[in-house]
Structures are given as C-alpha cells and as structure tokens.
Amino acid sequence: MRRLLAARAAQAVVVVAVVATVVFALIHLAPGDPFGAALESGRVSPEVRAEWRARYGLDRPLAEQYVRWIGSVARGDLGWSFSRNRPVAGALASALPNTLVLMGTALLLSIALGIAAAVLQAARRGSLVDRGSSALLLVFYSMPEFWLGLMLLLAFAYELPIFPVSGVVDPVMHEYMGTWGRFVDRVRHLALPALTLTLLLSAAIARHQRAALLDVARADFTRTARAKGLSPRAVLLRHALRNSLGTTITLLGLMFPALLGGAVIVETVFAWPGMGSLATSAIAQRDYPLVSATAIVGAVMTVAGSVIADVLGATADPRLRDA
Amino acid sequence: MSERAAGVRPLVSVRDLAVHFPVKKGVLGRAKGAVRAVDGVSFDVFPGETLALVGESGCGKTTTGRAVLRLVEATAGTILFDGTDVRALKAEPLRKLRRQMQIVFQDPFSSLNPRMTVGATVREGLVIHELAEGAEADARVRRLLEEVGLRPDQASRYPHELSGGQRQRVGIARALAVEPRFIVCDEPVSALDVSVQAQVVNLLQDLQRDRGLAYLFIAHDLSVVQHVADRVAVMYLGRIVETAPGEALYDEPLMPYTQALLSAVPVPDPDAKRQRIVLSGDVPSPAAPPSGCVFHPRCHHPARDAACARIVPPLEPKGEMSGSGKSAGAPHLVACIKQPPTTVDDATQRAAGATHPPQRYLPVVGAR
Amino acid sequence: MSATSGPWSVALRRLRRDRVAIGAAAAIVILALAALLAPLIAPYPPNAQPDIVGMATLPPSGAHPFGTDVFSRDVLTRVMYGGRVSLGVAVLSIALSITIGTAYGAVAGYVGGATEAAMMRLIDALLAVPRVLLLLLALALWGAVGLPALILMLGLTGWFGTSRLVRERVRALSRGEFALAARALGASHARVLWRHVLPSALTPVIVAATLGIGNVVVLEASLSYLGIGVRPPNASWGNIIQEGSEQIASGWWIALFPGLAILVTVVAFNLLGDALRDALDPRK
Amino acid sequence: MTPDPLLDVQNLRTTFSTDAGPARAVDGVSFTVGRGETVGLVGESGCGKSVTALSILRLIDGAGRIEKDSHILLEGRDLLSLPEREMRDVRGNRVAMIWQEPLSALNPVMSVGDQIAEVARVHAHASRAEAHAKAVEMLRLVGIADPEQRANEYPHQLSGGMRQRVVIAMALVMSPALLIADEPTTALDVTIQAQILELLAEVQKRMGMSILLITHDLGVVAETASRVVVMYAGEVVEEAPVRELFADAHHPYTEGLMRAMPRVGGTETRLATIPGAVPAPTDWPHGCRFRERCPYAWELCEREHPPLYQIGAGHVSRCHLAIEPERRAHPHVPIAAATGAGAGE
Amino acid sequence: MTTRRLSAAALLLALAACGRGDRASGSEGDVGGTVVISTAAEPDFLLPPIILSAMGKMVSDQLFERLAEIGPKMNAMGDEGFEPRLARHWTWAPDSLSIAFELDPRAHWHDGKPVRAADVKMGFDLMRDPKVASPQAPNVAEIDSVTVRDSLTAVAWYHRRSLDQFFTAAYNVIPVPAHLLGSVDRANLKADPFVRNPVGSGPFRFVRWVPSQLVELVADTTYFRGRPKLDRVVVSIAPDPNTAVTRLLAGEADFIEVLRGEQLAQAQKDPKLQVKQYGGVDYAFLQFNLRDPKHHGRPHPVLGDRNVRVALAMALDRAAIARNVYDTLATVPFGPAPRSLGIADSTIRQIPYDSARAKRMLDSLGWRDSNGDGIREKNGVPLRFSVMVPGSSRPRQRVAVLIQEQLKGVGADVTIDQLDFNAMIAKLGTRSFDALINSWHPDPTPSSIRQTWTSEGSRTNDGSNFGSYESPVFDAQVDSAVASHDAKQARTLYLRAYQTFVDDAPAIMLYEPNLVAGASKRIRLVNLRPDAWWAGIAQWSIPAGERIDRDRIGLRPAAR
C-alpha cells in the first residue's frame, strides 16, 4: 500500500508538471500577448506597462519564461491575480474550501444514494421499481448540469422560496449567528447546489453500480455463495456489493475531472464562491495567472481524487494491494 | 546436441535459449528483477519428426515455442532454422521466413479473428506472401478446407458459428496455407473434448505424413504426447530436465520429476494398480527459481542431498542410444546428478555437501 | 445460419429486436430530420423578426406551437435550426475526437514500452484537467470562435478518454492470439494493426462515441450557457436556452423546448449506446 | 439402483430459453447416489452434466428452469418442492459443491478464512470466533500448512492447488451427506490433480459422505468412482459399475469415448474417433440422439428413441443394440479409420 | 449593466459625485438598520487614487470624504453651490491659479487621528506618481501640485485657469491618511493591505471585505458631521446580474441600482418591494469606425461614407428597438448628450426611420445587389461590417441582433462580434473594428464630449473617440462652446455642434435608459441622483417598526 502511494505521488508530480506545461503552451499559443489585455487599458502609461511586463518576465525569451513558470509552480508561487487584485494563492485559499465542501457533500450523498438505488434495482431486477428508477436516473443522467440547476433554482428558490438562491452563507447575518444558526445557514445554502450535483452524480453511480452488481451476480463465486446456503440478501450485500464496489470506486476516480467540471457549472449557476466560479470569472477577465492556477489546482485535485480512489479501491479489493 | 543419423541436418536447432521477462515496478517502469520464463533451453527438431515439449503450466513451454518463431523476443541463445540465424533477421527477411514456420494455437476461438470469415482467415497467408490471388486463391482456400476436413462452403462462416474442433481445423488450415515446413503446435488439442481431440490428433498426424512436416508439439497431456511424439522433452521451471525418444521416456523415466509426472496421469483402467508419486507443494515462482537443481525442493529421489541445491545438473546422456523409426539413435538425456551415470563426479558432489552417492532410482518402470 | 452473420450483422439483428433501441433510434432520426430539413419544413425563416414590439415573447399558440422569443422569432423554427448546429457540432466533433483518439491510442497500445508510458502519462495529465475548464481556457484565449473552431476545440479536448479505451483494447488484442497468429503468418505490423486489431478494438469506441454525442450536446449547451459556446446569430439549443433563461418567468417556453430537445437527444443517445453495448457484447 | 439411495434423481428436465428456442440441456435424467458411494457423471462439454449438478442444488437461474415433473429426492425429501428458505438449509449443509475453477469460485475480496467461516455462521449459527476456529480446522483438514496464517489470506495469494483445497474445505464444513464435485481437477496440472484426488479420497474415507464426481476424464473416473453414469445430449446413455463399464462398455458412445482416449501405455498408434460433433440442445435429433455419429445405427435408431435397456446387474444402456446385439459385429465404417473429412460436425 | 459602466470608466471617474450635505438628523426611531446592496460587480480597490471600477467608487465614497460636495444645482463651473465637507472653507488666489482649502478641525480618520493638510497632498501625490500608475491621473492633470501651507491648510496649484478647476480639486482629489500611507511601497500599492482594508474619514467605517462575496461597512458614530441613520451597509456581490436581481426578489438583498424588463415587472408586483425611477445619464449608440481598420490612413471602405451611414440610420427603427429592449423605460436620444443633463433638446433635427428611403439612397450611392445574395455591393465591395458587443451586456447583445435583422432588410450584412470586455478594449485601443455598440456615462460637464467625439479624442492615447470622427466643423463648434463663459450661449453652441454630429452620423444614437432602482419597501430612499445613486446612502433610513432580523444587529462587530 505504501509503495502504491509512493508510486501514485510520483505520478501526480508528473501529471501536474504536464498540466502546467499544457497551460503554459495554451496561453502562449493563443493569438496576441497573453497578458496584453490586462495591461492594455489606456490608462496605463507605457513605462508602467514595461515595468509590469518586466516584473512578470514577459520580455524574456519563451524558454526562459517557461523555466521560470515551472519553477514558480514547483515552489507553489502562483503569482498575482490581476482581476482579484490579490495574490493568486489567497484567492485560491478562500475558494478551495467551498468547492471541497460542495464536492465532498455531493460525493458522499451520491455514493450513498447511488449505491442504495443500485442495490434496490439489482435486488428487484426487471421489476417496475427497477425499470422506473432506471428511467428516472437516466433522465437525470442526461440533463445538462446548468439546466437542472436552473430548474431547481426556479422551483425551490423562486416559486417556493425554501432555499436561498446563492452563496455559501447568508452574506450579512451569518457572522451574527450562533453556532447552530450558522450550521443551519450553511446547510440551507448548500442544499440546492449539492442536490444538483448529487442528482447527476448519483445517477451515474447508480447506473454503473447496477451494471457492476449484475456483472458480479453472474460471477462464479456468487454461485458458490448461493451453494453455501446464503440468502439472496446476504449474497447481494456480503459478496456482490463488496466486489462491485471496486469498479465503482475506480469509476469515481475516473469521474473526478467530470465531477470537477460539473462543479464549475453548478458553482456558476448557484454563485457558489468556489474554484469553479473563480475559474470562470478569471477566464472571463483574462486573468491568466489565476486561470493557470485554477487549472493546476484542478489537476492536483483530480490526481488527489484518483489517489484516494486507488487507496479505497485497494481497501475494497486485496488484489490491488499487492499490485 | 544430437549427432545421430549422420547427414541429417536438424531443421530447427535451438541452443541455450533464454527468455526473461522484466518485472516492472515504479512510475517509470524500471525493471526490478526478471521472470526467467525460459532459462537455457537447447533442442533440435529434424525434418518430418515431432518433438514434444511437455510440462505443467508455467514451465515455459509455450514461451519457448513462441520464441523459436520470434513471436516473443529471446533474451539469449541461438535459433537456427534450416541454417538461418532467426534471431539475427531483420523485419522483412523474418516476415518472409515465416512462410516456412507456422503455429497452431491452443484456444481455437481466441486465435481466430472473430471479424473474419473462415475463408478470409485461411486466405490471409496467401495474400501476405503473394502466393495466389483471385480465383486461384479461392480454389486453394477450398482445397485447404477440404484437406483439414471442412466443407468448402464453410468458407463464409464466422468462427463463432463453428464448433471447437472445426475452429481448430481452421487454425490448422491457416497455418498450412503458406506451405510451411515446420509448425509449432501449442497445445492444439487441450481445449477440445476427447472425441474431437482424437480427430485433430489424427489430422495432424496425417498432414505430417503427407507433407513431411516437422512439429514442435507443446502439451501438458502426457497421454496425447505419447501418441504423437517421436521424441519428448520435459520442461520444468524454464529448463529441459529430460529428453528422450518417446518409448525410452515412457518406459524408463529417469528424472524424478518426469517419474512423478508420469505416475500422476490417471489411467482409464479401474484394475490398474500403480504406485503414484504425489509431489508435495507447488511449482516455485520462475522469478525466484531454486538454486542448483530447480526441482530439488520437491524431489523424491532417495539420494537427494545438499549437493542438489548447489550443483546445476547438466543435461547428460543416461542410457544407451535408443529409439526407433524417426527417433532412432536419439540419446536419452537427463538433468540429474543422482541418477547414474553422471559426469559430476563423486568428489565434486561431496565438495558440494553430498551425503549420498548417486543411485539408480526407477519407481515407475514400464508405464507402457 | 445465413451468410451474413458477421459480428456487425448479429449486433444489428439484436438491435432490431430491442424495442428501446428502436425507440431511441427513431427519436434520433426524427430530431436529425427536423434539423436537416429545417430550411424545407420550418414554418418561418429562422431569424425573421416580424414585429419586435407587438409579437415578442408570445406564449405557445397555433401559429407558434413553441411560442416566440424576445425578438418575435418563432421558437419552433429556432429549435429546428438550433438542432442543425447542436447535433452537427456534436457529430463532427465526436468524429474528430474518435479519429484522433483512435490513432493515438492505437499507436500507444501497439508500440508499447516507454513510448506508450510517455504517451499515456500525457493522457493522464490531460484527463486530470476538467474538460469544461480546458475548453473555457481555450475558448477564452482564442476569443470569439466560429463553428469550425468550436468543433475543432470540442474535438481536440474530447479524445483523451477514447485514446485510453483504444490503447487498452489494442494492447490486449495486439498481444492476443489472433494478432499473434497474423504476425506468425508474416503479416506486417501495419497489417496486423489495421486488419486484425483495430476492427475489434473499435467496438467499445463506437459505443463510447454514441454515448459521447449526448455528452457533447450537453457540453455545447453548457458552454453556451457560460457564454462562450455557439455565438449568435447562430441558433443552438444551448444559446436558445441561454437567451430563454433570462425570460424564465415571463417566457418559460423559450428555454423549455430546446431543453427538452437536449434531454430527448441525450436520453436517446444514451439508450442507443447502452443497447449497442448489449448488442455488441460477445457474452450474450 | 441402490436400495434407499441418498440421492435419487428422477426424470430431471432442465430447460433454458434461448434466442434459438428452448434448449433442453437436461432432458429426463435419472440416477441415484448411494450412501458413501462415489458416482462418476461422465460426458463431453454440452452434454448436460454440469446443469444436472446445478439443478440438484436448484442453482439454475436466469433463463433456465426445472420442469414440473422432475424430482430430486435427497434422503427421501423432494428438493424441488421445498420452499426456498428450506432449500437454503440444504445447500452447503447436506449437499455441498466444489467447482472447476477454484479461482473464480472464490470471492476475491474476502479472506479464505472468512469464506469458510461463513458456512459455519450460516448453518451452525456459530459465533465469529467459533466460525474462525472452524475455518482454521478445516484448512488443516485439507492439508494446508500454517492454516492460521493462510486463513487471513486472499484467494489471489494462493496457488491453484491450494485454492481448490480451500474450496473443498468450504464444502466440508458441515460434513455434508453429498459432495458434488464438478470437474474438480480439470483446471489443475496433473501433479496437482493427483494431490486433489488423493485428498478427496481421504476425506471421503474419513467423513463417509457420498460424492457425485462430474468429469470428462475417464482416467479420473476409473481411479475414483465405483459407479459411472455416462451422459450424452442431455440424457443418461449408459450406467454401470466402473469395472463393468471399462471392461464392457455397451453404448456405442461410451465405446467410442474409450477408444478415442489416448492413454499412457497404450499401444495403438492411431486413435479411434467419433465423427461429427454433439448436436445443439435446441435441436436434439429425434430417435436416438447419437445415431448420426454412430457406426452401428440403423433405421430403428431413427424411428424410435431408445429406452434405457437393462444389460446386466446395475448396467443399463440407451441403445437398441441391446435387442439386436449381432449388429455390433457390422459397423458401417471401421471404427479406427473414422477420421478426416468429418464434415458433419 | 455593471460592465457597461465599466466600459465608460474613463468618463465615469471624471464624474462629479455631488450630494446635498444634509446633516444627519431625525429622531432616534429612524437610526439603525442594515441595507444590503445587491450587485454583480466587485470593487477593485478601496483606496481612491487607484480605483477604476464603479463599485469601488461607490464604496469608497462612503468611506472617504472629499473636500467639498457639488451643490443641488449640480453646477460644476466655479465653486458656486459647493458645500463644505472636509474643507471648512476655501480661498482663491487673486490670479485664480491656486486655491487654499482650510480643513475642518473636527474631521478625523476612523483610527482617531485628525485629518490634516498632508493627507490632501498625499491623495494628490498618489494620483500623480507614475509608480502608482493611477488610472485617475488624467482627472487631475490640470493641477500642478498640492502643497501644505499649515497643518490644516492645503493649497492646490493649477497650470492654467479653467471653468472646472475648483471641481477638479474638490471632487477629484480625495484626501487619504498620510500617517498610514506615508511609507508604503508605491510601486506595489495595489498589493498593500491598506487597499483592501482601508481607514477612511467618511460617514461609514470599513468592516470587512470577503472577495466575491461582500463588503461590509458600519456607521461611524463619531463622524464629525453626525452619524448616518443606517447602522450598516453591506454590498453583496453576485457573480452575474441575474443573480443580483434574484437576491433582491428573494429578500436576501434590499437594493439594486437597475431593474429592467421582466425583473422590473416582477418587482412591481412584489408587495415587499418598491421601484424608483431616477433618470440616468447613460446613452447608448452604434458607433462606426470611419477609418479602415487595416490601414488607418484610409477611410473605411463602407462606413467612411457619410451618406452610407445616414442611410443605415434611416434603416433603423430605433423607437422599436428601444421599446423591445427597455419597454417604456428608454427613449431615443436627441444627440450625443443625455436628456437628463438638459443640454440637448428636441430642436435637433433627426434622421427619420424610413427604410424605403434608405434603400433608394443606397441604390443612388451605387450600392446594389448585383449577385442576388441579398447583400448590396459597390465596386466588388459588399455592404458588410461587423459590430462588436461585449459578452457581458445582455441589452446590447439584444440590440445587436435587432440591428442585424433590420439592416439585413435594406441589404446590409452585419456580423455580430461578441467579445469579452478586455478583448473589446484591446480592439478599441488599436482601432481594429468596424463598428460597436457602446454606451457612455458622461460627466455633468458637457465639455467631456471632447474626449469622446472630437479629433482630440481620436488622436491621443487617453481619448475615447474610437471611431476617429474627425470633423473640423464639429471640433470648432465644440471648442467655441467649451470656451464660452455664458451658459446660454454655450447651450446654443453645443446644440449646433450636436446637429453637426447627428447629420454626419459617426454614430447612431440608440437609446438612453431611464434607470429604475429596486428596493425593499422598508428603506426610505433619499437622493437617488441620476449620476450617482449612492450619494444619499448616509441619509437612507429604516423606520423602527419595519425592521427585520438583519436590521437589529446593531453596531456590534461580527462574532468572529
């Protein structure tokens, strides 16, 4: 397990380096001066502009810029955000926890929901419950994130104002609430964005988990378990579920970027001040240091997610532990 | 190795063949050790004869067969095909040479392209080597199908529409299409039912007779091997531990491993009372083979002692030149320092910690 | 058995018996026809603004079954024309990404060794960036892009998964026995790859492509929602929704119908993809 | 056949629905297994022997079903009429099963100790500790060294032979009355096969259970079974005590099988073959199902489905030769030469 | 809408925010309460010399007091009507080349230190220092220097006399605390903690700024001119305009500066909300580039011809466009000045909407559709141009689509080039565009037209005459209007210039929106000025009986 972790950590470094390179290449491949627009407003004197360019090394040869860029990424120095007027690291530090809360909640809920649905479906395979819930899940699975978000917003914030429309907490009152009040406030704000992601994600998980369960149900050892005299329930929960979890965990690892992508859109719809909102606004404002940093942090999160998936997968499947 | 029947040159001659697969670890896939799948194997196959390579799963027999055809790259050793150094060939001459040496696989289903009809599969060799095209190729495909016992109209079938035996016949027809001189038969009948197995075994024998083919017949089933082989080589953990003409090997197996192997084969005769040698434990991992004689940890030879763990036994002649027919004059070679006669003299053995002198040990005499 | 019992005709026969697959295919055909034939069958010109003061944002009626938008344009017509863009973008970009992904994955999987390791590390890295983010970055960097560039970018960001899939299949198949048999016959690497490995490796790719079309339709809609997808005056389902999302209370029909079109499309492609996967499943 | 048999299978018919129509995989099979006896169930792939085994445990699922008029009496109780809950008490308890592929038969994510213990937990309602102790005891019984350690290992960490020992240990936890062994050594190397067969013989001696040994290998049957049931095309075609069968096989199929089998020490240079292949279970031929491959077949064989004829004591054969034995002297083709253009496959 | 304001940043920051200096008064009953202002814009900084964004301006105006405030007549010429703020009174030098401001000794910074003349100088110096690169440097270009005469007297020295020289110092030079900013690294001023955590001298104190979420201010009860009625002002930052409105409709916010269309209708129906029109100074137009975007020396191949521009203007039903986008809340402007400034009027002759005539005119100019593709050509050049619109402005995107379709009707092919804001700025800077839909938020002095429409504005780097409209006649008319000292005469001269502008059609005036603010009914809104709705926040109040939870927080600091 330790070897697995070490290998994955080394792999993660490679991945992040490649992502940093790709982002650098993208920015420098794009037409025009990458940092031009931010400096181009007529109010900035040429001298100042030259000074800024020098400060960010934009006057150097591309190769040197690249080395500096990789070097600063390696040091964790992510630069200065033009649009936020603060260090990129600070902007990330305030956004990241919100994203983690949103994604973490959605992930936990959807794993629980998705697996529960799949177990129910697999247990009643072919029944009305199975087919009905499969159809419903497919519809959720097929919905654009923003559309589902908009519909939930329309229903539960507009027409039936149970939940707040945006943000992480009540902007004004939160600071003046008690501990319980704050908790409730957070949960209320979290509800709709987390629900949106959860519905989409649990639909995906349930679909895969159901297929995995049915696959396992065909496996020889499931027959062995039945031949031992186990009840269908015990076979499903003790043998089939545990085995199929492996593929679901792997799937979650692979789905992590998509989940992050979904979070970007959901955060935008619900004005959730996380990495996604940060990235979209940074991109809209051509704040390249911030854009690059969000891409890199996104990659780090993805890699971390896949490492976690690997570790969990190895916990669920001893074969992977020795691999 | 064998200088019998002066003037007959081996068609295939393999010397000190080794195939090691690296065990990869870490991010960059650095090799950390190797699986010694084949570790110093030598043998000859003469025109028109069948050499059987026998052993249990994982002993390296399939890898050996593939390495001879350069379908896996050998780590060391030489492979001569009709005098040509196969390992030294560049891509194009190798491609050309493949016309002369073919392979038939164990699993007739996975070795056929599911998306190609029987006809296309058989025809492919003709196309590749530009042996025939158009109507002529069609005619040759039909002839080949008939020759292996299929109906010509089955050319338009797909593999999944055929039975196991029929598929294996297609595999054989594919190999025959390019008119090879040598075929590696890699467990060609072990996936088949008994009744079908007999059909395919007979077919292979008929083809050998009609076309003068040489076979390297890889198998784990000693009873099938006895029926097809002129000579038999027994492999264990990547090495040949005994080789002899068929009759000699089955009559008087000298390597303790061969003895155990032979004794373990169930005999379809309820009245046969035989002494069975049941080996303890499992085959060790080829990534960490035992020192000395690789078989020594499981050996039942009464003279087994510390020297067995120290001395790598040479594959040396132990009996008189025997054999009849195609294998006439082939020697009986065994890798065991405890089975006299041996070139590893007493002094050497004692120096390696031997406590027992070699002694003739024949617990399974006359399986025949 | 008939002479046409190759894997594809078997799959087709299975599909023809699958009522869900038939329904999904029918839905796709209807949507595609409505889009393709829009210039012939759409009730109005797509961009005509008959009366921007009096006819803007009218609810569905006999004359305008899907209502009108803020510019007094017919929403049904717009949805039909939008389908041309949405489906066209999806199909073309999937075709592009499948081509690139297959070529890349095939090379990596067939060549193997250090080359493969390096190629796949790159894929790992590219897969680690959420595609939406990558697209946002690229589209923002290149500024306003036309449809060809959008297709190009969707295609260029969509092939990583395919290449992985192809790599795995090619790797397994090219080391498998029938590829070995072909090599033993003297077939060149190119021939083994092209004739033996790729045709079998493509089965899951075709399923993935079918499922992928739905994904790209959603992705295009999301990008348009974020304001960087298909730009007006080109109608796409995504930007009709975007326009409509601002009238959601007073003109719900503007966003609803293209949204339903997306939903039906994606559900249909998902069902078809699932059916295709089952039909091509050799275990059955 | 046996008085008061342990298992009495009567007219078992198991059908699967397939794209090509109903497949009568097992089609009216009857046989018995006496107490303490080892019965060999022999046949080639597709003959229905494995389906028979699964039917006994009622583990047929999906597209398959056991027809109404079938009976499987275990100690006099018809398993087919038991409610599912009671049937579960039979599985793994009175009747246990071991499988062909020990690796796939074991749950890869559960330690082997837990998998063995599970049987004790379910049937003996043992506590966790008791069950674990039982698992270790069983591992020791099947000859696994260092059982305490091995109990915590997972299937992939064991060798093929050891895995099969684990499967056997799992089957023996409740000292079942009947052990069904479905090709228990087919996936194993010959030296390991010898070990496993020896183990089975030993535990049978010690525990006294009956064994239904399903195999295609006549050699294995000759060495282990006391009575042999030969199946072909979903039917029993011959049943006899093992010596009698090997000495005097009556059914042409059994005869062909014996001759087609290469044997160590055999003298023939050329094997006899059975031409053609097993017909499809969706489309059994009428009359005698073997007649198209049979060297003796005549028009009666096409007209009339042969019943099981009594040949001798405990010896039955589904072949019309029983009533016209002189025809055996006149095969259509010399049996040894039947090879080559076997286009009828 | 926020970015629309931003796009006019150059002018916005020249704007005089004037406010009547009502003293805080009234009973105990209307002191207290929280107002949550919903916006989609985030302040950039909170230190006046480096602020560029409108929202930064709005917040800093609550935090930082200026020397004097413009009077109710909004007169920017001379000091007539100006009311004292930090400056108790001021003295003109006899030659009018300097003005001495005497500070109110009661004025103090929120850290308790008194406001001193050095603070005025510091405010000016920061604007002027090239290291700071203040975007507002041009706004104080008229001032040569600020000196400290004594601790309470600061003197502004001018290069030359002008009508708005008092306004320049009193409005644009905002004192900042020298004792806190004296030692900052000016080259890195934007990174200094102060700019995100300022100490001001105004009626509200800074509490906190959570990026992209909120800025919170609380009443300074020791403010020398009397504490504001509200306890607390929170700027709640939404990521987009829709969300900002939604927050008001959902009751999470109390005020939004602009409501329109559907959302306005919703707010009007909502019993908890009030809507309030307050005019506006914005005007939007379709601006043409008169120069060839590829060769600046040549006229634009299509739009360089005045007659073509006039024909295009005739083809546009501007009333319908305004109606479609703003319903009744916008009117077609008379000329390049909004009605609310009172300088332009209906006497200016307009180009009528007459598409038939537009077609005839184009025909006679030689633009004919000879190849039948629906688009006119002349000498092989198609009547085709692209129109830039910022991706952030929905109304302008909508207008672009309307214009596109209407011009298609007369055989002109318009492509819409939707750009993000910065990309658009870059193209404007290099003049590489055909046309754009833009909007100005001009300052109350009509002279600002120089920057936007005269030759001067087209040549200099700071100018905003992106279309290179260079008419000597118009230039001369504007110059004489600016030079005039008589208001009546100036008005006549300006009207003449506007007429020239309308006839030349370098841009087609589209609409001037009538801004409507939305607010919770419990807020008593005071002094929503067309140019600066926030001018009266210190006087807004919430009656005790109508307060809700957040109004009752009081002045206590946040629990954290």
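Labels A, B, C, D and E are assigned to the chains in the order they are written; within every chain, residues are numbered from 1.
Convention: a contact is a pair of C-beta atoms (placed from the backbone, for glycine too) under 8 Å apart; a residue touches a chain by one contact, two chains touch by 3 or more.
Nothing here was measured: the structure is a model prediction, and the numbers come from that model.
Where touching is counted per the definition, the chains common to subunit A and subunit B are C, D. Here the chain-to-chain distance from subunit C to subunit D, counted in touching steps, is 2.
Ranked by how far their CA centres sit from the centre of subunit D, the chains are topped by E. Set side by side, B-C and C-E show the greater C-beta contact count at B-C. Taking the mean of the C-alpha atoms as each chain's centre, subunit D and subunit E sit 91 Å apart.
Subunit A and subunit C, compared by their mean Cα positions, are separated by 23 Å. Rounded to a whole number, the gap between the C-alpha centres of subunit B and subunit E is 90 angstrom.
Spacing of subunit A relative to subunit E, judged by their CA centroids, is 40 angstrom.
Along subunit C, residues 140, 143, 227, 245, 249 each make contact with two or more other chains. The residues of subunit D never reach two or more other chains; the list is empty.
Among the residues of subunit A, those in touch with two or more other chains are 11, 14, 158, 268, 284, 286.
Chain contact summary for the complex, subunit A toward subunit C: residues 11, 14-19, 22-23, 26-27, 29-31, 34, 138-139, 141-147, 150, 154, 158, 254, 257-258, 260-262, 264-265, 268, 279-280, 283-284, 286, 291, 294-295, 298-299, 302-303, 306. By the touch criterion given at the top, residues 56-57, 146, 149-151, 162-163, 165-166, 193-199, 201-203, 205-206, 220-224, 226-227, 250, 260-272, 276, 278-279, 282-283, 367-368 of subunit B touch subunit D in their complex. Those residues of subunit D lying in contact with subunit B across their complex are 44-45, 159-162, 189-195, 197-198, 216-223, 242-243, 246, 256-258, 260-275, 277-278, 339-343, 345. Across the interface of their complex, subunit B is touched by residues 1, 3, 5-7, 114, 117, 176-178, 180-188, 191, 195-196, 199-200, 282 of subunit C. Taken in their complex, subunit C has these residues touching subunit E: 47-49, 52-53, 56, 70-71, 140, 143-144, 227-228, 231-233, 245-247, 249-251.
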